[in-house]
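Chain naming follows the written order as A, B, C and D, and within any one chain the residues start at number 1.
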Amino acid sequence: MNTFPTRRLILQGAGAVALFGLGSFPFAPALAAANDKYPEDAFKQKTDADAIKALYGKTAEASDKVKLDAPEIAENGAVVPVAVTTTLSDVTSISFFVSENPNALAASYVIPAGTIPAVANRLKMAKTCNVIAIVESGGKLYSAAKEVKVTVGGCGG
Amino acid sequence: MASTIRVRAINNGDTTEVQALIQHPMDSGFVKDAKGEIIPPHFIQQLTFEHNGKTVFLADWGPAVSKDPYVKFAFKGGAKGDELKISWVDNKGTSDSTTAKIA
Amino acid sequence: MSAAKKTAMSVTRNIAFGAVLMIVGAMPARAASEADFKAAMSAAEAAEKQADQLRNKWLTTETQLAAAKKAAAAGDFDAAIAAAREAEALAIASIYQATSEKTRWKDMEVR
Amino acid sequence: MRKALPLASILALALLAPALADDKPNPAADQKAFQTYFIKRFPKVKYEDFVNGPYSMDAGLRKQWEEKEEFPPYEFAVETGKEMFATPFKNGKTYADCFANKGIGIRQNYPYFDEKEGKVVTLELALNRCREANGEAPYNYLKDEMASLTAYMAFTSRDKKMDIKIPDDPRALEAYENGKRYFYTRRGQLNFSCASCHVQSPGEHIRSEVLAPALGIMNAMPIYRSEWSGMGTTSRRLVTCNSQTRAVPLEPQSDEYRDVEYFLSYVANGLPISGPGARP
């Protein structure tokens, strides 16, 4: 998959938009490094804390500006619809963590400038635990968590 | 064989909403088969959406994304008839890509 | 009482029922020999054949029959006989079920 | 003496009458009673919503379902089925040649009673017979290709009302009655009938599942079950229901299964086809 040239374009895009006053231009290069390749190491981490560190190199603060939508009780741990939206501006990435899975990081999304900071996806959950959403905005991390009860584990899925 | 990628991209004025469903086992490497042998991990690692050569969405996925993965997002711009290029690559280096017209 | 509770109760009732069968089935056979096993096994298989003719075999019976064969193959005739007897008891229960349900099913019918 | 005899026979008739009335098969009355039972028991559930199984009963599940329906997991099965339908057999014929209206929008007419054969013919059976008639090997009844074909056929029949006929043929009535008996007969070590779960306890949790109402349960077939992480046919559903009660399942498309599908579909007449469905 030759995404290199297009990746360069993203950065220019992000930089350009940043110039128009959405702020945080300085962070763009840092993002470049972070987003250029598949975060193998972050996906290998066991706990959500370690995975967040490996992925972003910083810690998150809870924010009510991050809206996490996940069911109270998952109909089946193999397919749990999880979505996040945020009112935060200058969002550059959104990530999902399932705290009790063998590896906490489930999915991480790069949100280029011009893309709406909202993602819906379906995740596997091994057992009842917290789903954590991290939104990176202006180079800072904001999080929201919700417990999802799992009666049929997703490890079979 | 049909594409492994199903896409719906709908422009509603200033934004284009994109939904995609991909046919992939997303084996976690934690599941045993009927014979009790571990099914080796096999999952999509990266999924890219490009509009006019610009990446509008990039997913980094681990094995905890459900079988036949689904994702939904929206981006500013894009017009009816525009092409959206979607491609994925998995941990075995297999990949697939398709182009969808924005409706 | 909720339908679920009823269901749950009938489950426990039937599991308890099964447990009793197991005790019966597991009664130790003195001086278990291959001959004793063959006798127990043919009795169990005969009962299961009858259940089959009634289209009402139970998975648990099949499991015990398999276990009996396995134990016998390993030369453990005590275990083999115990399993065979449990299989027979289960098969007899399934026959009883099929026969009594020939009329009893109507009680559940929505009319 | 002359008088005694008629008198006796009148008495006899009087005694027999109720029994006869009670046992005379009356599918139309069954259908009405069956539907009324569910409508009365679940006054909040919209009539045409019963075909959505547990999702008609549980708000939390329903939300997850609606989210999944935005891009449903059976999408691939429908597309595969469509391609299979368009692909000719070695002899150049296609599935369309085996069915009325080229197989489009006819799901609601299955199963039907074939007066020539004197038996119930389900859609799955008809599909494999179509293959064999055209020199192709039959498919496994439980999933994969069979599920894709039926998924496509159901999809083209969505919202059409189930329309099962019981022709004026004693064998058809017998098949219907056999299906009904099978549905209500307890089996397996757990001593459950189909009705124990799907008539007495729909909406209730058993293990982790929310039980679907029997009314309209066939209208949603085939289904993608997260539990299976894949598609399953009507045959697969019946087989798994049996093994869940710890009964040894019968052969797919055995007479009992054909008849119980006939019964369940007939009592759901008037409810829309919602298949293919997505289920937990």
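Please note the rule applied: contacts are C-beta pairs under 8 Å (C-beta built on N, C-alpha and C of every residue); 3 or more make two chains touch, one makes a residue touch a chain.
All figures in this text were calculated on a predicted structure; none of them were measured in a lab.
Enquirer: Find the two chains joined by the most C-beta pairs in contact, please.
Expert: Greatest number of C-beta pairs in contact occurs for A-B.
Enquirer: I'd like the Å distance between the centres of subunit B and subunit C, where a centre is the mean of that chain's Cα atoms.
Expert: That gives a centre separation of 50 Å.
Enquirer: Between subunit B and subunit D, what is the separation of their C-alpha centroids in Å?
Expert: Comparing mean C-alpha positions, subunit D is 35 Å from subunit B.
Enquirer: Using Cα averages as centroids, what's the distance between subunit A and subunit B in whole Å?
Expert: It comes to 16 Å between the two C-alpha centres.
Enquirer: Can you list the residues of subunit C that touch 2 or more other chains?
Expert: Not one residue of subunit C touches more than one other chain, so the list is empty.
Enquirer: Where in subunit D do residues touch two or more of the other chains?
Expert: Counting only residues that touch two or more other chains, subunit D contributes 68, 73, 229.
Enquirer: Which subunit A residues sit where two or more other chains touch them?
Expert: 78-80, 83, 120, 122, 156-157
Enquirer: Identify every two-chain combination in which the chains touch.
Expert: A-B, A-D, B-D, C-D
Enquirer: Which residues of subunit C touch subunit D in their complex?
Expert: Residues in contact with subunit D: 2-4, 6-7, 10-11, 13-15, 18, 55-62, 90, 93-94, 97-98, 101, 104-106, 108-111.
Enquirer: Considering the complex alone, what residue numbers of subunit D touch subunit C?
Expert: Residue list for subunit D touching subunit C: 29-30, 33-34, 37, 180-181, 184-193, 195-197, 199-201, 204-206, 243, 246-248, 250, 256.
Enquirer: Help me check something: in the complex, which residues belonging to subunit B touch subunit A?
Expert: Residues 15, 26, 28, 30-31, 45-46, 48, 50, 53-67, 69-77, 87-89, 95, 97 of subunit B touch subunit A in their complex.
Enquirer: Quick check: in the complex, which residue numbers of subunit D touch subunit B?
Expert: So the residues of subunit D touching subunit B come out as 68, 70-71, 73, 75-76, 79-80, 83, 229.
Enquirer: Mind listing the subunit D positions that touch subunit A in their complex?
Expert: The contact residues of subunit D facing subunit A are 60-61, 63-65, 67-68, 73, 207-209, 226-227, 229, 280.
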